[in-house]
Amino acid sequence: MSVILRIRNLKKYFPTSKKGVFVKAVDGIDFDIYKEDVFALVGESGSGKSTTAYTVIGMYEATEGKIEYKDLDISRIHWKRPIQLKKNIQIVFQDPGTSLNPSKTVSQIIGAPLIIHKHLRGEKLREAIINALNMVELPSEYIYKLPRDIGGGEKQLVAIARALSAGPEFVILDEPTSALDVSIQAKIIRTLLKLKEELGLTYMFITHDLSLVRNISNRVAIMYLGKIVEQGPTSQIFAEPSHPYTQMLLSSIPVVTKAEEAFKPKQVQSTGEIPSPVDVPPGCSFHTRCPLAWDTCRKIEPQPVELQPGRIVKCHLYSKHKATLSGAKL
Amino acid sequence: FGQSESIIRATEDWPTYIDPAVGSDFSDCIAIVNLYDSLVFPNADGSVGPHLATHWDVTPDGLTWTFYLRQGVKFHSGNELTAEDVVFSVERLLTMGEGFAYMFEPFIDEVVALDPYTVQFKMKKPYGPFLSTLVRLYILEKDLVLQHLDSGPYGEFGDYGRKWLLEHDAGSGPYMVEEVKMEEYVLTKKFDDWWGGWEPNAPEYFKEMATADPVTIRTLVAKKELEITDELQPMESYEAMAKMPGVEVVRFVPGGMNLNLMLHTRKPPTDDVHFRRALAYAVDYKTIANIIFPGSLVARGPVPQTLPGHDSSIQPWEFNLDKAREELKKSKYYGQLDEYPLTLSWCAEVPEEEKIALMLQANFARIGVKLEITKKPFGSMIADAQNMETTPNCSLVFVAAHYMEAGGMLTTRYHSQSTGTWEQCEWLLNPEIDQMIEDALSTIDTEERFNKYHAIQQKLVELCPTIWLIDRAETRAYQASYVSWFVADLVHQGKKIALPLGYGLYAHDMKVFPEKK
Amino acid sequence: MRDSTVAIDISARSAYAERLKRAWYRFSRSKLSLLGLLMVASIIFIAIFAPVVTPYPEHAGAFVDFGNTMHPPSLEHPFGTDAMGRDILTRCFFAFRGALIMGIVVLAIVVPIGTAVGLFGGYFEGKWFSTIVMRVTDVFLAIPPLVLALAIAALLKPTLTNSMIAVCISWWPWYARLVYGMTVSVRNEPFVKAVELTGMNRFKIMFSEILPNHLGPILTKMTLDMGWVILTGASLSFVGLGEQPPTPALGTMVSDGAKYLPTYWWISVFPALMIVIIILSFNLLGDGIREMLTSGE
Amino acid sequence: MSLTKYIIKRIVYSIGVLFGVSILIFVISNIVPGDPARMALGPRAPEWAVEDLRKEMNLDKPLVERYFLWLSDLMRGDLGESLRSRRPITKDIAEYLPASIEIIALSAFFMAVIGINLGRLSARFSGTWFDGVVRILSYTGIVTPAFVWAILFVLLFSYLIPIFPTTGRITPGLAAPPRITGMYIIDGLLTGNFRVALNAFWHIVLPSLALSMGGAAQAARMTRASMVDNAEKDYILAVRAYGVPNKLIYRRLLLKPSLVAPISIMALDIAALLGNAFLVELVFLYPGISRYGVEAMLNKDLFAIISVVLIIGIGYTIANVVIDVIIAHLDPRVRLGGAKSA
Amino acid sequence: MKNEEALAVQNLRVNYKIYRGILKVLDGINLTVKRGEKIGLVGETGCGKTTTLKAIMGILAGNAILSSGRVTVNGKVVLQRSAHHMVRKSAKRVAMIFQDPTASLNPVFTIGEQMELVVRYAANRSSSAREAAVNALRLAQLPDAERIHTNFPFQLSGGMRQRVCIAMALAAEPNIILADEPTTNLDVTIQDQVLKLLKRLCDEQELALVLVTHSLGVARETCDRIYVMYAGTIVEYASSQNIFENPYHPYTRGLLAALPRLTGEGIAEGIEGRIPDYLNPPQGCRFAPRCEHATEKCFSTKPGFYEAEDGHFVSCFLYETERGVASDVSHSSDTES
């Protein structure tokens, strides 16, 4: 399994109106995405998921750190990247309502990357567009529709068709279904998975829905306030969530069956809200909500601990100090 | 301050300059004649009589004039007027070079005060109409002016009191400045100590108001809040006012004013004399004289018919399109008229001129001449007249005599030195004419001088630099029921009126009877 | 593939037809919009065919008839005659020409310039050159447009062309500002980001991706502005800084006629009424277009 | 960011813009042809006098230098001399500006008070005949230019129903009050000349009304639209469901959030108002700064034109700042530095 | 007391008039809520959940038309449409929490000002309005209630705003709370807290709760009974347990199947198609066009309710035979028009 995307110590700070004060949207994260994986990035609103995605795709210039795509350093803003790269990496945005240009027809929307990357014109272009539409199981009559004439789910399919039309290798999906109903979500997810198999794609899938993650991804990273607090293979994380935050997330999910109920960890009750990324709490940034926090958590930032190969947790409970400090119990 | 009911209110343009060394237009003159005295005073028939000077001598060569001043004349400040003040006023006028200075500057060499009541003018060359022009030499109080100097270009005299005199007076005239309200009015109050004495019922106040809006004026007249209107109202307005009880509309040809269509003689196609004549034949003079400016006379040459020195042998132009076409055929522009459209400017302040402009446009169109007309504020017309390129082919301009003799008007209108001013948009630049004018002016003998004027007029008719349209009747409405106005009386008596600009509104000679309102 | 292409073409055509039909439906829903359209059409018609539809076309040019001045409205002269004996109705109708030319020319100049500036400034918002451009726009916006137009017209010669120049100078910033605002609000929208990330040329993004979304509001503003530009032109000529006589201009007619109030009220009241009607027509039409473009399903 | 800080920031920015304005109009007025010195002195002045004046006016210096000289004069409160009257413009403006301030202040008051209240009532009774009348009125108000209103008012009030004077500042014959502010109403009140104050007020009613019609109509329309819009918002539905009386809702809960939009566009209305003052003062022969401006324009009185435009620019800028402050007051998000107001 | 009916909605039909015609949105909604009972109203976007709640509160939009129906709150008819007349009274002791907490707080007044109004007019207390407001804020577990009292809405986070809305509802001292997707815009952890709070408050104060949500999971965790809505109709209702363990209606089944499970069973097929156009809704069962079991009858006739199990009602012809016709659209006093 080869690494297709490698992120090291990535930081993205946004300046605020006050001098010297930054929104630390992404604050030093590391992860690897393997080829033909579905890598899920999970976290609450404001935890920096989208910012990570936008930095990877080049919409933002990284404040610090390194992004490598197939060993090529791409930690640059998008117009400084080679055009080939733009073809290889694509993104699907969260809100299908705003990700399609309301004044363009479906064929113009899907055609744009085809013209730029494949230099198609005329009949060839039209064929390629229809192919792309068929790929997402939309009928070819759609090519002359305007976004406002089609439903939310269909819009998202068009956005997916646009992302895939030029033949990318790596696709970032930023909450592609969170604005949609579950019945539509199911269809979109299935289409995405089918295409991944067919085209050998790699996905970075951003979501806050852990149930969804459980069903589609191989690897998960949980983000909190710009940092990844826990990452590892999906099955392991769900079977044995280590970080208190992961547990909190899992325990908060409303479920519909008893089996699921039983699956949820019971120890950690959800409390508090995610603080503002402008003033991140010192020490472990989760300590303000953590029922298990003790003094060290308030002062020292925990270092990543590799529990098993590829499974990393950032929590004092698992660091070397654990034995010596406190009587906190799980 | 409480205003007496004994007031004459007259409208006119805003008198920008009430300083006699600066102002010279109609509205300025009205204020100045009331505020200041001159050595001689104009009579209604165009002659002059003693005023500040009781009598005078002139040497036979015409080079030295001696004036003997009235004693005990007081300025508004209470100080006595002496020869020193006369000298100062002349020097001030000549140094500043504005206003009426042009009438004196070429002739006066030196002025000296022989004693407090005698003043002597040394001339550079003989000047025939000198006495007539002296009406325009107003005497300021030297000491008062010197007290109000500001910084300016005139050396030790700074600005020569110019700034101060914009809103104050330093005169000895029958009225003195009470209040100057910018762009609104100049209010003057009777000077009780005036040397000439006062008749009962003379107006306590004289107010020159700057408004020409017909609606306002009509309202004011109806409410008896305006005694004498300006002469710029639309005819319809006068008609309406004539119907108001107690209001009378007076119409007279003041002798000093004519309406000219000045033709640019240095710009194609009006540089061709035949072309100009053709135009002259294509004007419907009668309509202008009878309908647009009713009561006016169709002009007979460059000099108004009532102005002393006019050549009565000159016949008016006729409206004859056949002759016009004939002349046009002789012109070098015949056949290519389309390439030479004419430009015409008319003066925005005189709305009636628009009618003439439009009529000319229609008239000229009948002989195939295209006329483009532009409405211009007078200020812009002045600016345009400053150089040859910007001066339009035709300028529709009223011109008034500054003193009551043909020579004055001929100078300001046709001498080369007056090119670049709005009074000569013809750019005639004819040395022969210049010479003839100068010759006439230096002739002291009146009859001889007048004959020379006639010759100039005939020559000008031949050159046809101007289409003289009408000698304009001045029309004003006034409150006949409670105001006695000498001009109206003269009109009633059928007398001719040849008063220089401004003297028609000499308030000292008016009477008000507020109780009759 | 061929068959499907044909089918798609048909569906394309019907999609466009459908869209047009829907737009017309939305527009025509309000009777007032229809009235506006009708009135604007009539104004344009009258302006074009003025020599044919007016009773005395010669009165629009060099013409005076001192025998027929100041007639009150009558069958012969529905709007009366003026101080020069000219038929006011004729002159009003001929004045539509200058008014429309003014509106059309000014908008034809101002809209592209303002739009380009606004697009540029909005798309590159935050960059120094965009800041400079928008600050310059602010400077123009800091003087009420009519005042700026008056001042400029005053400094130039009073002609129709110059008054158009004056109005243009004071008008473009408003489009710049409108387009700037709209551009800033969409430039970070995902649909723009999406094409940026595919590597589309930035000018192409500005003009072919962003601009089409602004066309609706621009079109609406243009229609409304037709009325306001014409009014500004009329205001200039009201003060005496516009078209020269004898060419009829509504503003000049109103201000000339104002002298004769109230006795000869028709001289200024009818031209004033025509100004109101022009503005009203374009406003109604503009509101209709706005309705057409914005109303939801 | 506190409110004061916000206002200061706004003012500093406005001053910057005004500098830009001064450059703009100075440049425009200086590139047009014509010799101002000759124009000032009149046709018969000797050439040497014109030459001197040219020097005095710095016309012999390059444009940039001239600008800075002019600017430094300006900073000292010296706007130069009118070419027409050779009077200091500062003096003219001191004379005419107060008159205009009276009219414009009253118009702004009419605009806000009449406009907002009509809009409020129209929204409150939306769908009734009253609403219909207000809507027709406001449309009429919007499409009828101020100078047409002015002419109609003159026609109506001076002749048909002669209850208002139609020209000037006070009745001729009545003396102006002693000058304190130059505003007759205020001076009249301050010095106890109530008759004069009332008379002056009587004179500005019509011009102010004519000026404010468009803005008032626009404000009424915007207020109505914005209130009708907001009336469907959850926060209004909520209080309505909780039984808060309608009166209170329309006077307070709905009105306040709905005022931001109409007041924001009032900035534009004030621009129109300042421009239209040029025509309206002309119709009413009102001796204000705008009529002075028109005279200056018609006579190409360069420095007077520049000064009038600059003054109006300043006035407009001040109006904008005031409007921003009102909005900040209405909208806590602006005041307390949240998101920018919509 | 406990079994008394707090709220009853009978045969509610609401249409919206738009320019293209009439949107026939609610098509005969029936629901009852007993004192202290928590029911869930579940359905996808646009199925008319908010419309139902607004109708109960008497705050339907201006273009809404009530074509039939009756709403009884605490035993009093507050809304009734019959052939000849219409009854409209404002419902007392009902409070509503809106979908979007940002939109349901007036942006230009402080939290305190708004809450005090509610206290004054809904709870009829004018003397100690302030204390009551602060108390309500405390009840909603807002830290630092005194400070929040003086804050403007935009100064609070989304979670806090929703709690303020809950506090406001409590301040009205209701016995029924209608909550319209109170947690949709919140994160799961916050959602969890808010739901728990709501549930606890309802239990403590014996409030009846109508929780509208599109999330089946949320409804299950909070509610005693659940109504499943589809395109303006109720398709199935039963106790929470029943619905999830034994869904009957094809729509409910499809919906449940489409839900990804935490236990990780993969993603099932979604339901094909879209919600019908309300301008021309299907004649018969509104779900018929998307239903794989649909027969001709389904397209032509509206199904009634059939009791598939005890207290478990399904509106589907598939169950017609099983238990016979059960509680139907039975309030015959209403006319259809």
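Brief remarks on what is shown
Labels for the chains are A, B, C, D and E, by order of writing; each one numbers its residues from 1.
Note that a contact is a pair of C-beta atoms (placed from the backbone, for glycine too) under 8 Å apart; a residue touches a chain by one contact, two chains touch by 3 or more.
These numbers were taken from a predicted model, which means no experiment stands behind them.
With steps allowed only between chains in touch, the distance from chain B over to chain D comes to 1. Common partners of chain C and chain E, by the touch rule above, are A, D. Remark: among chain pairs C-D and A-C, C-D carries the greater number of C-beta contacts. Taking each chain's centre as the mean of its C-alpha atoms, the one that lies farthest from the centre of chain E is B.
Put simply, the C-alpha centre of chain B and that of chain C have 48 angstrom between them. With centres defined as mean CA coordinates, chain D is found 55 Å away from chain A.
Chain D and chain E, compared by their mean Cα positions, are separated by 53 Å.
Between chain A and chain B, the centres computed from C-alpha atoms are 91 Å apart.
In chain D, 154, 158, 298, 300 are the positions where the chain touches two or more neighbouring chains simultaneously. Annotation for chain C: residues touching 2 or more other chains are 240, 258, 261-262.
Residue positions of chain A in touch with at least two other chains are not found.
Chain contact summary for the complex, chain D toward chain E: residues 232-245, 248, 253, 256-257, 330-333, 336, 338-339.
By the touch criterion given at the top, residues 213-215, 234, 236-237, 240, 287, 291-292, 348, 351, 354-355, 357-359, 361-362, 365, 371-375, 377 of chain B touch chain C in their complex. Residues 62-64, 66, 69-70, 83-84, 158, 240, 244-246, 256, 258-264 of chain C touch chain B in their complex.
Contact residues of chain E toward chain D in the complex are 54, 57-59, 61-62, 90-92, 94-96, 98-100, 103-109, 114, 117-118, 121-122, 152, 154-155, 168, 172.
Listing the residues of chain B that touch chain D in their complex gives 1-3, 9, 16, 24, 96-99, 101-102, 153, 162-163, 166, 182-184, 211, 213, 215-216, 219-220, 225, 348, 377, 379-380, 382-383, 385-386, 420-423.
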